[in-house]
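Same chain, two partners: subunit A is paired with subunit B first, then with subunit C.
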Partner chain A sequence: MSKASNALVVSGLRKKYPKVEALKGVDLSLPQGEIWGLLGPNGSGKSTLLKCVVGLVNPDGGEISVLGQAPSRLTKAQIAFVPEVENLYRWMTIRQAIDFTATFYDDWQEDRVEELLGFMRLDPTKKVSSLSKGMRARLKLILALARKAPLILLDEPFSGIDPASRDRIVEGIVRQFKSEEQTMIISTHAVGDTEQLFDGVVFLDEGTINLKGNAEDLRTQYGRSINDLFKEVFA
Partner chain B sequence: MRRFLQLLKKDLQASLLPVGFLSGITIILFGIVRLKMASSAWPMEASLAVIAIPLVFLPLWLLWQSFQTLRSEWREDTVYTLLVLPVPGWYVMTAKLLTIWIEYTVLLAVIIIGTLTFFTPLVRFGMQVVPGISWVLRNGILLYLGSLCALASVVIFVQLAFVVSKMVGRLQGLVALWTLILSGWLVDRLGVLLEPAFRWLPSLPLHKLFRLEELEQGVVAEWNLAPEIGSWIGVLAVLVLTSYLFEHYVEVNG
Partner chain C sequence: MNIDFTTSTPIYLQIIEEFKRQIVTGLLKPGDKVPSQRDLAAQIKVNANTVQRAYREMEILGLVETLRGQGTFVCQSDQIVEETKSEMLTNLVDEFVRSVRALGLSQEAIMEVLKSRFADLEDGDEVNGQ
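This part shows the complex of A and B:
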C-alpha cells in the first residue's frame, strides 16, 4: 500500500437536510497511513461527511472514493466506523457484541480483542445496558480497533465522556493504529488533548472547508497549536 | 450464510422477552379460565370467548411486531450498526421475516399446548365432531403453512412501507401509510394483469386437499390459482425492492 495514494477522496460533496445544508460542495483528499482530525463546531457537517463516506447518508451531489472505489458493500467491509450515537444492542453482553461484530468482518483479529478488553478494562460478561457512557465508548472503539480495517472513521469518540475514559481511548488509538496499513479520521469539536494524535487536520465550518493541512506545517506557519488555531478560527 | 444466521440469532434474541411475556400471559389467562370453569363461575360462552382472545390477538401483535422490529432499530440507533454491515439488504429483511415466522410458530404452539392442557374436556368434545385426529393434524398443518404465506405477505408490505418512510425527511407516517396502500393495490393489479399467463394452471381442489367430504358429503371448494401466482410474484418483487432500498437508499435520521 503506497503512502502516496489517497485513502479517501471527496469532490464537490453536497448534502441538504430539510432545514439545513450540511455540506456545500466539499473537496477533500486524505493520504493513506495517517491520522487526520476533522475539526469543527457542532453542526459544521463533520458527522454528515463521515456518514456519507460510510453509506449512512446519501449525498445530493458530488463523488466519494474510498480506497479507490465508489461507496458500496465492498467499501463497507474496508471501513471501521464508530458513530457518535449509542449504536450497540443494549441487551447484549460485551462478549455477544464482540461475537456479533466479528462475524461480519474478514479482517477481524481475535488476538487483539483480549488485549483491548484488558487495556480498556472491560468485563466481557457485563451487559451493554449496565455500562457507563465512557465504558460504552471504549467498547465501540474495541469493535473498530479489533479489525485490521484500512480506513477507520471515529465520529466524536470523546464527546461527553469522562477524562479517564478519554485518556484510555487516546492511548488505545496510539497503541493500535498501524500506520503502514491503516488510515484514521477522527471528527471532534474538542481538540484539546487529542491534538497530539493528528498528522493532519481539516477545519470544517457550515459545510465548507476553512483550512486543511499537515498539523506540524500549520503549527509552524501560524506559530501556535492546533487547539489555539481552532479557537481562533471558530471564535 | 454465517452472517445471515448471526442476524437471525440477533433478532431472535431480541424477541425472547416479548414472546416470553406473551406466552406467560397466555398461560396465566388459560389458567384463570380453567379455574373459573371448574368453579362454574363463568358461563361456557364467556369462557370460550376468553380462550379465543390470544388467537384473535396474535395476528394483530404480529402485524405490530413486523413494524416494531424495524422501528426499534431506528429508535435505539442500532440501525447505524445494521447499515454499515457489509451484507446485502435481503439478509436483514429476511432475517426479520423469519423471526416473525418463528415468533408466530412459538406463540401458536403455546396456545395449542395450553388449550390441550387446560381444556382437555373441551378438546375431547371438539374431537367428536371432526373425522379424526389424523384429519385434524393434516388440516392443521395445511392451515399453518397457508397462514405462514399470508403472514409473510403482510410483513413484506409493512417492511416496504417502513423503509420508504425512512427515505423521506418529513411526513414519514403518512408516506408509510400511502406506501402500504399503494403497494397492496399494485400487487393486486399485478395478479390480475398476469392472470391470463397462468390460466393454464388447474384450480386447486380444496375439498380434496382438506378432505372436506369426510366432514360433509358433496362439499366442493376450489381455488383459482392463476391470479394468486401473479400476486405472489408481486410480493417477491416487493421483498427484493425493499431489500435494495434498505441497502442503497435508506438513511439514518439526520
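This part shows the complex of A and C:
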C-alpha cells in the first residue's frame, strides 16, 4: 500500500516562548488518508505543533508543508482545527452554533449535519451553556466533521470527558472519517482505549519526538500495546 | 462480532484470527455475508484502514471474497474450513507441546493424561479456564 503523497510535512520545527522552548526541532511526515495520534504529556508541545500547522502560532524556525503548500490563508481553509479550549458561545443553541460555524466555511456539508447530530445524540434546541463537557466535545467534533476538510486536527478531544462521550467520539471518527480524501491528527495525553484509532503515532516529549511509526509495526516490533509503550516512555 | 483486543499484537491479525475462529466453529458458514469494512470498524471501534488491511489479507488467504456491489462473503469452499481447522489445530498443538515439554515429562506420561482428560471431558467435565 503506497500512499502517493504526504498530507503534512514538518522539518526542523522550532518554537520558543519567553519561558519555555516548546518545540526543539521536530521532523514529521504524515501520509494522506491516515489517522495519527500525537501523544505526549501536558506541556510536551502537542498544541503548539498543531497551532503551527494551522497557522495560529508563528514558528521560530523550520518548515511546514500542508498538502504541499506553506501555511497560509489558503491552507487554513483546508484544515478543520478543533482546539482544546472552549470556542463556542454559551448563549447559542446547538443549532445556532452550527449555523454560525457554517457561515465561515465554503466546504460545509449541511446535508451531513442531521446525521451527525443524531449519531452524537445531541438535541439542536439545547443551549450550549446547558451541555456537559462531553456533550460540548461531541458538538465540537460535529463542527469539524461537517466540513469536507482534507486535514482535520483534534486537540485533546478526549480530555476530561465521560466514557460514554469518549466512546461516541471514537465511533464517530471511525464511521465518519473518509480515508480516501482526509487525514486526521488527534493529540492526547491519555492513550488508554483509543489507541486502536491510530494508523500511526508520534511520541512528543518536551518538544522532541522520541518515537514515531505505524502503530501495527510498533506493536510487532516491541510486542507491546501503544498504551504500554507510552507509559514506559513517559514513566 | 466482538473482539477482546490485547493491542500488544497487531490488531489486523487479531481480526483475521477472530474470523478464522468463527469459520471453524461454524458461526460463519461458507457463503455467509460478513459485515462491510466500515460497519465492522465502527462496531469494534477500530481504524477503518486496519480493518481494510485485515480484509485484504483474508482475500489473499482465500478466506473471504468481495463481490463488486454486493459485499464480502466467506468463500464457498469447504476446503477452506478444513484447511483453517487443521492450521489452527497445528498451532494449538505446537503451543501445547512447547508448554508441556518444559515440564520435563515423558511423552507417554503426557499422552496418558491427555487421554484421561479427553475421557473426563466426554463425561461433561469442564476444562479449567476455558
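Assume the second predicted complex is superposed on the first by the 233 of 235 C-alpha atoms of A that agree within 3 Å, B and C clash if a C-alpha of one lies under 4 Å from a C-alpha of the other, contacts with A are read in each partner's own complex, and residues count from 1 in each chain.
Heads up, the rule we're going with is that contacts are C-beta pairs under 8 Å (C-beta built on N, C-alpha and C of every residue); 3 or more make two chains touch, one makes a residue touch a chain.
A quick note: this is a predicted structure, and the numbers were derived from the prediction, not measured.
A.B. asks: Clash or fit: how do subunit B and subunit C relate after the overlay on subunit A?
C.D. replies: Aligned on subunit A, subunit C fits beside subunit B.
A.B. asks: Considering only the touch criterion stated at the top, classify A:Asp199 as touching first (subunit B), second (subunit C), both, or neither.
C.D. replies: The second partner, subunit C, only.
A.B. asks: Quick check on the superposed pair: does A:Asp228 touch subunit B, subunit C, both, or neither? Answer first, second, both or neither.
C.D. replies: Only subunit C is touched by A:Asp228; subunit B is not.
A.B. asks: After the superposition on A, what does A:Glu34 contact: first (subunit B), second (subunit C), both or neither?
C.D. replies: Only subunit C; A:Glu34 stays clear of subunit B.
A.B. asks: After superposition on the shared chain, which partner residues are touched by A:Ser179: those of subunit B (first), subunit C (second), both, or neither?
C.D. replies: Touch status of A:Ser179: second partner only.
A.B. asks: In the overlaid three-chain picture, which partner chain does A:Arg219 touch, first (subunit B) or second (subunit C), both, or neither?
C.D. replies: Second partner only, subunit C.
A.B. asks: Is A:Val170 touching the first partner subunit B, the second partner subunit C, both, or neither of them?
C.D. replies: A:Val170: touches subunit C, not subunit B.
A.B. asks: Could you work out the angle between subunit B and subunit C as seen from subunit A, using CA centres and rounding to the nearest 10 degrees?
C.D. replies: The angle comes out at 160 degrees.
A.B. asks: Of the two partner chains, subunit B (first) and subunit C (second), which one does A:Val85 touch, if any: first, second, both, or neither?
C.D. replies: After superposing on A, A:Val85 lies in contact with subunit B but is clear of subunit C.
A.B. asks: Regarding the shared-chain residue A:Gly55, is it in contact with subunit B (first), subunit C (second), both, or neither?
C.D. replies: Only subunit B is touched by A:Gly55; subunit C is not.
A.B. asks: How far apart, in whole Å, are the nearest Cα atoms of subunit B and subunit C in the superposition?
C.D. replies: 27
A.B. asks: Once bound in the complex, which stretches of subunit A touch subunit C?
C.D. replies: Subunit A reaches subunit C through residues 1, 33-35, 167, 170-171, 174-175, 177, 179, 195-199, 216, 219-220, 223-228.
A.B. asks: For subunit C, which residues are in contact with subunit A within the complex?
C.D. replies: Touching subunit A from subunit C are residues 5-12, 38, 41-42, 44-50, 53.
A.B. asks: Would you pull the subunit B residues touching subunit A in the complex into a rising list?
C.D. replies: Result: residues 2-3, 6, 10, 13-14, 17, 76-81, 83-88, 169-170, 247, 249, 251-252, 254 of subunit B touch subunit A.
A.B. asks: Where on subunit A does subunit B make contact in their complex?
C.D. replies: Result: residues 17-18, 22, 48, 51, 54-58, 73-74, 76-77, 79, 81, 83, 85-92, 96, 100, 103-105 of subunit A touch subunit B.
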